[in-house]
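Next come two complexes, and both contain chain A; in the first it sits with chain B, in the second with chain C.
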Partner chain A sequence: MTLEENPFGDLLQDYIVECLPLAEEVGHAFVELERRWRDGEPGDELLASVKGRLHTIKGNSAMMGLAPMRDVAHALEDACGFLGRAAARRGDEAAALLVSGGGLLVDLIGDASPETDGTAAKAFVEEVRRFLAAAPESSSAERDRRQTDRRGQPRIGEGDGAGNVVRVDFRRLDAMLELLGEGLIQHSGLTELYRRLQRRVGACPEMEELDQTVLSLQKTLTRLESTLMETRLLPVSTVFGRFPRLVRDVAHAEGKKVRLEVTGGETTLDKAVLDRLGEPLLHLLSNAVAHGLERPEDRAKAGKPPEGVLRLQAGAVSGRVAIRVSDDGRGLDADAIRARAESLGMDVRTADTAQLHNLVFVPGLSTAERVTTLSGRGMGLDVAASVIHGLGGTIDVESLPGRGTAFTLSLPVTLAIVRSLIVEVDRERYAVPLSHVAETVRAEPEAIRQINNQGVTQWRGDLIHVADGGAVLGTGGLSGAPRSYYVVMTAGARRRGLLVDRLIGHQDIVVKGLDPALGRPPVVSGTTILGDGRVACILDVVRILEGAGHVN
Partner chain B sequence: MSTEGRAAVEPLLGFADTLPAAAPNASAPAPTLHLLTFTLDREEYGIPVTQVREVIRVNSITRVPQVPAHVRGVANLRGRILAVVEIRTRLGLTEGVVTPSSRIVVVEVRGRVLGLLVDRVSQVTKVPVDSVVPPPEEVVTAETDFLTGVARWDSRLIMLLELDKVLLLNG
Partner chain C sequence: MAESFLVIDDSKLLHQMYRLIFSQGDLAGSTVHYAINGREGYALLAAHAELTLVLLDLNMPEMNGLEVLARRQQERLHLHVPIALVTTESTEDDEARGREVGAWDYLRKPFQPSDIQRLVRRAREQRRERGAA
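Now for the complex of A and B:
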């Protein structure tokens, strides 16, 4: 049942919004507890910290009539209370019980509906009952103490300024963005009209006033845009929340010891980007545990501590967000990749190590198929990379044998509105995201040389390849005249010039998707509507720089 | 309904919803198909009117690099991006030229909204189911199985198209 069909949809949505982060924090704490107990630490404050959250979840679930969630939260509360007293029972068995319950709670709440299946919840409650029954103690005095424990737990979300916070369905923000987008399109239409009018009427006080009005409208729209964008931002920790349990589960299944270190969880991204980021990150992490990190005995042989370290770091870097997944494992095996590539008929004789490493993103070359069958998770490194590219991001891999592997993602903060350079090639207009534009240069015919039938020019002291826009975009020089400009496009360390006929100007464009009927054209990442109502394609700079397109 | 007629109707999956509910009753008025017809070159084609959302004039169609051959491009449908299919090349005709009579027929098939670029829209019409015969075997191949029948009616030949297959939505 979808939420739309559910009369309790809004309430249920509120319930999920409030309880899911709590459940994720609880799950997170359980994974951490398991690690601490293994290290012989008591972890009392962690046990205490989850109880307030569990209590809130239990109360909210009961209010919504969601018995499975209520019962699981209740059972976990009991188990935590018991473990708080019975320090002797703390250990792997107890931790496994808590972690599985925490995971169950997250799953139940995430998919909450009045029809939620209670079978798993019943089984878990029974499991907790057996665990507690195996214990010798439970007196009324302790139950009293438990009651006192519960008071004094601050409820999450009751911090400063909570009274000024309103919960808004994200779809409303999307609708507002659509409207803002239309406003931006209308504004550029108005600007266009102003220019035409000015040519016809010439200078006069009214034209000047119109100019000022159009200008202040632009300022207002820009401010509206940045305010709206801010409301759409969420900390990446909302996605990172489910990773500790995942990493733990994969590590268990693989017989590995792994410590996950998460930093930069407060870095913010547009929810639309975040929503699509979970799967690829999940894949990178489980891949790192399954293939990157070695078994404890192999690590010992290599002179490393038995526990592998997996780092998930996020941070803002020059207007974009960088996310890095790194491990201190065995590193990529360049020789194995070379052998695999050759068996697939690829010519890798001249490839250097870095190029070989980047082949892990090629379909069929990633070892991801094994992860999928092994842990039932993951999507394939090639698919992960294409999701990142689809978000307008880049993904790079570095690796040192025996030292580890690091995947670095660079992502735009938002997908919705992208400041772009509008160019014209063979009478079609295209948008190039400004974040990928280094410079626009007038194309002097003598400055562009042909080497091996490829255009090459000097740019800032380097030789760069200059491709013909018509060749890349498949329109092949309809006009026959030489192009007037080239746009130097960059993505990561790559750069290339693209010859175009005209530069139209800068514009904030509202990104619209590609219809599935269009397939997945390699050089286009989306579409937008320009001021005159025409549709323009948004160039996928990352993939063009990777060589997509008709390069002759 | 004769067995011959039934044989002709059965392949008309996409048209089934245009049949009156009481169709099997022999005493009821002859069942009809409710069609929107359009022309490509000189031939007339029909699609179920229930799948048509609207017909719009062609303003500008933006080419999209490296898309399947039957995709003409994208157009602005009141702020929404509409993929426009070059139905002519799907039917084995040469790529069309946009003229003042060209139209985009906006269809909804399996929940997806797409535009069909056609040379001219003729009319919305009803044809009796009995007038539909299966297409001649020689002209139907694996590639042209979107042709589900031919309506011979009112001295016209209307070729009935199965949009799912024309638009490759089932593959």
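Now for the complex of A and C:
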């Protein structure tokens, strides 16, 4: 019976919501079990805890008519039952079998659909069967039981029903977002019109009423926006679920002992962000295993426990999502980075340790050039960083020699609607995402000094660079008059002021991508339409802070 | 009077499935109580002597289906209410143990809406017979 014929087919999303976390817990437990067995611990309570979850997955998969998931869960249940009795068979082979089955189960359930392919499941069931058959303790009663347990073909159910969850093609949510965006633009237009009208007719009951109506329209749109945004949010665990197996595989290949600790999997992100986050995170994790953590013997020499700890933490921090990948390995070698930077002709004489560390994101500067088959899949740290920047995120690295390295990512919860500060430079309007705006300051000419042809000012007790907006954006000099404000922009630890002519106000803007034919202009990440129908460019703050622009 | 049922299952997904089933045909309009574990289920059973049928999952954390049945038998709680034990590929052993502690019938996953309808019909007949006797 296919899922479509199943009377409960509409509950597929509920199935995934319930079973994926269970499968992930099973997967984590297997990775942990492998470690314990290697250390000579029995891990009996882990085996027992896993069995209940597998049983639930098996039952639920059977109810949904999802045979591949049911069979894999069943095979794992059998294997766990057997290993619970046959302590002598616990070891690397058994652990590898369980870990691969746990990973398969996560993959199958995560991608559950009417077309779920059963080939991998069949192969795994066969693998388990061979493992059990090879076992001297394999009881024929066990296998008999499995055979008599199987029911005949389930009948085709009657009747359809609507569950509380419906599956929606993500493109429809994108389309709804587009419409919402147009609504927001029309609302800004209406507000603008209201202001002009008010100037002309002055106060009267009708204007009062119009004001109230425009205000409640805004409230409605805001609520619609947050509802739609929530619909697009998924827990980061949907991406994290694949990592324990990957980390284990890389550790295996590299001869490392690694314990992965994952926290904050329930933190949510827009699906569009999540979809692009998997690869860079995968790279950071495999990089940490391959290059950050030491081999057990080297760790012993350094007085550390043989097992390295890799932490993947997610959490919401002031309206954004922070993800941290940290290890307790050898740390970055600042001297090696300096030597490599010099060999590439860079001037790093005045660079401090933190600046040297951040050079790992520069193409060609990763000191660990050796690319293993699993580590990074060819993606360098520079590529990972540029994916994060492309998402409007930042990535920073901290490292202590001998103590470890931590990469901290800060990501916008959504890509689609960005609260922005609208500014004007040389009669063009630009949107600066508010998450990157620390402050707007009236530009007093005497407060900005020129040092080495760069504007510098005191800001909150520090000296920061202040660049001319027209110079950065390539329109310098059109306005002629001195700029009246500067916007202090931040990304991670970097800060810079940008001189602008006018501050227009705050607005929720709907991000439109750039035409790929334009390539990637250095200072602009996208465009948007403002309330008055004008097109405005969205500034790529991260790249501007890195020094992009027409005059540096 | 509308009939009432009790579902005891630790899976929210199964609750959804039962909700679907109990919204169809002549089951539509009946009252269904849901419990997420055996402990909660036992409390609901104690509070509702009028239940037509209880669907009780075998495998649950905290208090499993067999424990619920055993306690109910020991405390002689609403013994007239039929309880069907719901299992996934159960063994003869499980079923024998269930019968010992008073399971009225078995339902194996995967089940279909028609399986529930059949159980409900049997439970109703039995109730009528008891009423007539």
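Here, the second predicted complex is superposed on the first by the 406 of 552 C-alpha atoms of A that agree within 3 Å, B and C clash if a C-alpha of one lies under 4 Å from a C-alpha of the other, contacts with A are read in each partner's own complex, and residues count from 1 in each chain.
Keep this in mind: contacts are C-beta pairs under 8 Å (C-beta built on N, C-alpha and C of every residue); 3 or more make two chains touch, one makes a residue touch a chain.
Just so it is clear, the model here is predicted, and its values are computed rather than measured.
After overlaying the two complexes on the shared chain, residue contacts for A:L473 are found with chain B alone; chain C is out of touch. When the two structures are aligned on the shared chain, A:K512 is found in touch with chain B, with no touch to chain C.
Contact with chain C, but none with chain B, is seen for A:G65 once the two complexes are overlaid on the shared chain.
With both structures placed on the common chain, the touch criterion links A:V535 to chain B but leaves chain C unconnected.
When both complexes are overlaid on chain A, the residue A:V523 reaches chain B alone and has no touch with chain C. Legend: residue contacts after superposition of the two complexes on their common chain; A:G315 is shown touching neither chain B nor chain C. Listed in rising order, the residues of chain C touching chain A in the complex are 10-14, 16-17, 19-21, 23-25, 59, 61, 88-91, 108-114.
Contact residues of chain B toward chain A in the complex are 59-60, 62-68, 71, 73-76, 79-83, 85, 112, 114, 167. For chain A in complex with chain B, the residues that touch the partner chain are 178, 182, 185, 428-429, 472-475, 512-519, 521-524, 527, 529, 533-537, 549-550.
Every residue of chain A that touches chain C in the complex is listed here, in rising order: 7-8, 11, 14-15, 18-19, 52, 55-56, 58-60, 62-65, 74, 145, 149-151, 154-155, 157-159, 161, 163-164.
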